[in-house]
Amino acid sequence: MSKDAFVDAGLYLPQTGRIVAIEQCTVNEKFFRLELTRPLQHRPGQFVMVTVPGMGECAISITCGPREDNILEMVIRRVGNITAVLHGLEVGDTLGIRGPYGAGFDLEEFYQRDVLIVAGGLGLVPLRSLLLPMIAAHQRFGAITIITGARSPAETLFRHELADWREKENVRIIELVDSTDHYQWDGEVGMVTAPIGSLVLDKNRTMVVLCGPPVMYKFVLLELEAHHQIPATQIFVDLERRMRCGVGKCGHCQINQAYCCQDGPVFRYSDIQNYPEGLA
Amino acid sequence: MGSYLATEEQVSTWLHLLAKERDLFWPRSVGQFNYSFLPLGERDEICFDRYLPTIVPPGRRLLPDDETLFTSQQGDDRLSHYLPPQPSAPMVLAGVRPCDLKGITQLDTVMAAAPADPYYHQRRVNTVIIAMNCLAPCDSRCFCSAVGALGAQDGADVFLTLLAEGVLVESLSARGDEILVKASFSLCEDGKERRLVAEGTRPLPFGRELAVVPEALPEMLRKGYESPVYHRYGERCYSCGTCNLVCPTCYCFEVRDEMSLDGFSGRRSRTWDSCMIPAFAEVAGPHNFRAEVGERQRHRLKRKFEYLPERFGLGSFCVGCGRCGRQCTANIDILNMVNDIAVEVGGGS
Amino acid sequence: MKPKVAFFDFASCEGCQLALLNCEDDLLAILAQVELVEFREAISEQAGRYDIAFIEGSIHREQDIERLYDIRSRSKVLVALGACACNGNVQARSNFVAPAENYKAVYGEEDRNRVQVDGEYWPLWTHTRVRAVHEVVKVDYQLRGCPMQPTEFLHLLKSLLTGREPSFPANAVCVECKKNENECVYDRGLACFGPIAFGGCDAICINSGHLCDGCRGLLPYANVKAHRQLLKEMGIDITSVQNRYRLHLSNEPDAGEVRR
Amino acid sequence: MSDSKSYKIRLEHITRVEGHGSIRIDTHQGKVEEVRLEIVEANRFFENFVKGMQPHEVVQTISRICGICCVGHQLAGLKAVEAAMGITVSDQTMRLRKMLNESQFLQSHSLHLYFLTLPDFFGAASILPLAQREPELVKRALALKKLANDYTAVLGGRALHPVANTVNGWRKLPDLGKVEEIYTRLLQSVPEMEAMLELIKTLKVPEYERETEYVSLKHPDEYALYDGEVCGSDIDTTVPVGDYRQVSNEFTVAHSTSKWSRWHRDSYMVGALARVNNNFQQLHPKAQEAAAELGLKSPCFNPYHNNTAQMVEIVHCTHNSLAMLADLLNDGLVEEEATYQPVAGRGCGAIEVPRGILFHEYGFDANGRCLDANAIIPTSQNINNIEQDMKAFVPLMLPVMSQDELALKMEMLLRAYDPCISCSVHMLDVKFV
């Protein structure tokens, strides 16, 4: 082993972030804004490892766009141990943050292209880090189509932002819920796969980004294949796996040859389409 | 980086000298049939004879179980301060067989891949390795030759070969020279030649064989992805994880946090984990990416022969030590499993 | 306010409470964090509600069941403490013996008749099935083992005090056994329950030269079929296999053959 | 109500004979109508369900009768099983077992004395308030108990239900490095122990005497803890262990799920006081000195002095263990095969455990499967005597004591017998019904 390889002695030590804002998004999801000691300097699609001191650590997507200041934004769903503790925190409390990790998106690759975003459930959370800079510079892109899906109106995220984005001339937003229980729901009802067939997409200039629960990918890809034949090199999928270290050492997030934490969580579909475990 | 010839007694004296300065691990007999790398004590005898691969491979000393990642302490400012662990003391791993040596270099590569693991790195640069050549297969389990681990010398600082005329001691690095200063062995000009002669006496085939050439394995395994062989072996498997824990190239870990009773201080540590244990690939949902034991067997096997070799480009990650088969209570042997798949896929010869 | 913690014992050797007293290094720290309201059902039981109730022992009699219902209804969190409470432990073996046999063997022919005929006169002697606590009331957490593992007890307590879910990984005993670099007892031709038994004990028995008898119960994914097959292949006769399974695991749903 | 001295006292769930018990006292117009010790523990039927097991399984299982006496049950079981199999253990095994047994004495006595009894004398409800008032004392006591636990664990592999010792030997011999550590710690603990002794000396033991029969093991060469024949203070000879049924004469009573015992008179006492009474001369000289300092003269008929006798035994076991450990370190250990051939047979074993003499008996068939089993535990031998003590004590004290004081003294009496741990850890519920 080379003695002079660059080794960051602090690889596993978090930096401190102070919570400056919390919003309850849905029953199970909360939005957190943190102030860090130094800027994250992340790319869209990256994630951080969040430490609750003495409790544990988990992977959380960065939901804000790239920025110069020390701010980090996250949306956290309460599913278990650490996330439950996170939900109990208040403004002023501190957390440990490591990262940013993961490959993320190269925004420039999307310039001058049409973009189709399909986000199921929490999928909008990581993709927001891509969408925010995209919308901010929307003139640099072709048509931007965003399809979001949630189980019910109560579980939708970022509706106000979506409403703002809709104002841009080249942005189209389709909001869906699986079923509705609320008379005020003004979006559509159905699965995220439903509108895909009727979209008009130029397979040569459309970039597609997918993020959602494990079951979603297969069906969306089938629809895309059936109607648009967009090359796999132009499709990105944002995957989730169990993760313990975030830096390619703990082995948990392996997807066949790939490590979700390092090669992903955003993968070019062509890179993993032959991985049987990829979209399982 | 010379070669020397010494008697076993001289080597033993030298090792004991080294052991006074730092922890020196040498395989010692534990129980009735097994061995373990244990600190060499003043009164311990060194067995140069054929010891079997130890229960746990020496490389695990570089990635110890329950290793502290950091301790945290809540200060008066109510902020948590994170402190790295104490650096580990220098050590010598001695009597390391070529298979385990290759295992260590494989770990080196994984841990050095950016971002490098600081704690492994710190241990590794502080570790001197004295390797021990193999001239005959250990037992009916090993197959190091089949996976190209037999000739391994990389990573060793000193390399020992038991010749009829004594122990051949070859220094392979500056650190090797350094630790050999203490020894009073006689120089041996034709060390390499003598070693090659001895190696020429190895039986052929050396241990068990693979049904396909190692380079053809990834392709064969891809073809056999849906093979029922995995599931057939899986029926006997307990998902106990032993096979992973004893493997020289397994390094997966779980992370645990524990805090003090008053809640003011805590410790994060990593503990050995195993991809054969069902919870390994479970996520919230709940969803398990490898819920079936056969899927886990496949993952374990493909990781050794396909995934990691292709990712890191260093040949097979199985080094043929035979430990997993030797330690598995269900008698699940990875080589048998590969060969069965080969037969089934038609890649076998 | 400090959480109120109570201990109750049913049929057991009380070794688990003793194991707790054996955490000398942490005992005072524990006592600083909790209000120990009962360390045996001594203070009048009708009082108090408990934040955490630890139940030691298995449940054998009608009156024990009543008492357990009562404790459950007054406890926020209920923890089964030790093998007896978690799976009935060794005494569950008597579920496979006719009650008359039991009374006769322990108290003699004459008393056996008295007990069986006159349940009123000998109310304390009524014996039903040996049950684990969760077979009677809802159990929130289990601290397995005969006796329970003090490290796990501390982990549970700390977790509950800080509002975090404790984690007891469902790993086989083999995991810890390998970490301790023990020679596998199968290498010596003996049969071990390590591969199917719930770990967390640091493989303490194997470390001490013994083997695992599975006192911590079976893993949820225990491959009992393969294990029984293996013991058979090792030439162990069926009675011995059955005895081993009925040492600590009589009440484990997957351990026996057909029961009742 | 109390001036007419008509009341019922019910102390619930106090003792353990394998668990729970209650005391019932009914008095009417100053006269005692009934004093009863009820044992309400659920049956566990050990004697029955070990049937069919192999000798080493029997021993492993039977230790689960009692957590605090687990070593004693194991050793008594081993002796009985070995007698049945015709096995004579090696000298090394015997020595290790004696140490293991003494480690349990140190564990159990220090727990009982320092943690369960002291609070009574300090007028504390339990050790908890005491920990706040006398932190140094409690820390010292904790350290002594921890040492005793570690002593057991080093020899037996675990502090509770040890597994290293088995039929005909040791599965895995103790690590000599750790033995040495224990030796050193035990040596260093002597002043600490003496400080505890000073404290015990200052305690005021209630005055009350009732002579009874004292039963224990007796050995010609040593203070009998591991080996010997049965000795009763009412006779001059000793009785072989095999005749234990003659001694215990077990019978059942309706208000108890435990069995009761008597020998030459209505009841007898086992435990520290019985041992000290019967074998005083064989105590380690330091222990005899301690007895003198504590004002314990043999024979002593005050059951409250069982506590004092326990302190004396702590001194004895500490010094005796130091000697045995030193010998062990001197001689080293040799690997021995701990195997045996199962044969048909029957055997009994007796041993002194902290609470008194313990008997085990087993029969095995030719395949080494257990046919029947019998265990007579010290507390069940003592219960009858405790009830007799209470019957004598209550009428004596009724005129001079308040109801509360009487209840307390009854508890202390019961606790003095050290019937179990948890009963005494906590104050008993005293209910006037």
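Note that the chains are named A, B, C and D in the order they appear, and that numbering of residues resets to 1 at the start of each chain.
Keep in mind that, in the parts below, contacts are C-beta pairs under 8 Å (C-beta built on N, C-alpha and C of every residue); 3 or more make two chains touch, one makes a residue touch a chain.
Fair warning: this is a prediction, and the values are worked out from it, not measured in the lab.
Colleague: Across all chain pairs, which one has the most C-beta contacts?
Modeller: C-D
Colleague: I'd like the Å distance between the centres of chain C and chain D, where a centre is the mean of that chain's Cα atoms.
Modeller: 25
Colleague: Report, in whole Å, the distance between the mean C-alpha point of chain A and the mean C-alpha point of chain C.
Modeller: Measuring from centre to centre gives 45 Å for this pair.
Colleague: At what distance in angstrom does the C-alpha mean of chain D lie from that of chain A?
Modeller: Spacing between the chain centres: roughly 66 Å.
Colleague: I'd like to verify one number: the distance from the centre of chain A to the centre of chain B, where each centre is the average of its C-alpha atoms, in whole angstrom.
Modeller: So the centre of chain A lies 38 Å away from the centre of chain B.
Colleague: Where in chain A do residues touch at least two different other chains?
Modeller: 54-55, 80
Colleague: Check each residue of chain B and list the ones that touch at least two other chains.
Modeller: Where chain B meets two or more other chains at a single residue, that happens at 254, 256, 258-260, 263.
Colleague: Edges wherever two chains touch, nodes for the chains themselves; is that graph a line, a ring, a star, complete, or other here?
Modeller: It is other, because the touches fit no line, ring, star or complete pattern.
Colleague: What chain-chain pairs meet the touch criterion?
Modeller: Going through each pair of chains, those in contact are A-B, A-C, B-C, C-D.
Colleague: Which chain C residues qualify as touching chain B in the complex?
Modeller: Residue positions touching the partner: 26, 29-30, 32-33, 154-155, 157-158, 161-162, 167, 169-172, 174-175, 178-179, 181-184, 186-188, 192, 194-196, 221-223, 226-227, 229-230.
Colleague: Okay, in this complex, where on chain B does chain C touch?
Modeller: 30-34, 36, 54-56, 65, 235-242, 245-246, 254, 256, 258-263, 272, 274, 277-279, 327, 329-330
Colleague: In the complex of these two chains, what residues of chain C are touching chain D?
Modeller: Chain C residues touching chain D: 7, 9-19, 21-22, 24-25, 27-28, 31, 36, 38-44, 60-61, 64, 89-91, 93-94, 96-97, 101-102, 105-108, 111, 121-122, 124-125, 127, 146-147, 204-205, 207-210, 213, 239-240, 243-244, 247.
Colleague: Where on chain B does chain A make contact in their complex?
Modeller: Spelled out, the residues of chain B in touch with chain A are 69-70, 72, 74, 78-80, 82, 84, 108, 110-119, 121-122, 124-125, 155, 225, 251-260, 263, 265-266, 268, 270, 273, 275, 280-285, 287, 289-290, 299, 302-303, 306-307, 310-311.
Colleague: Could you pull out which chain C residues touch chain A in their complex?
Modeller: Result: residues 162-165, 167 of chain C touch chain A.
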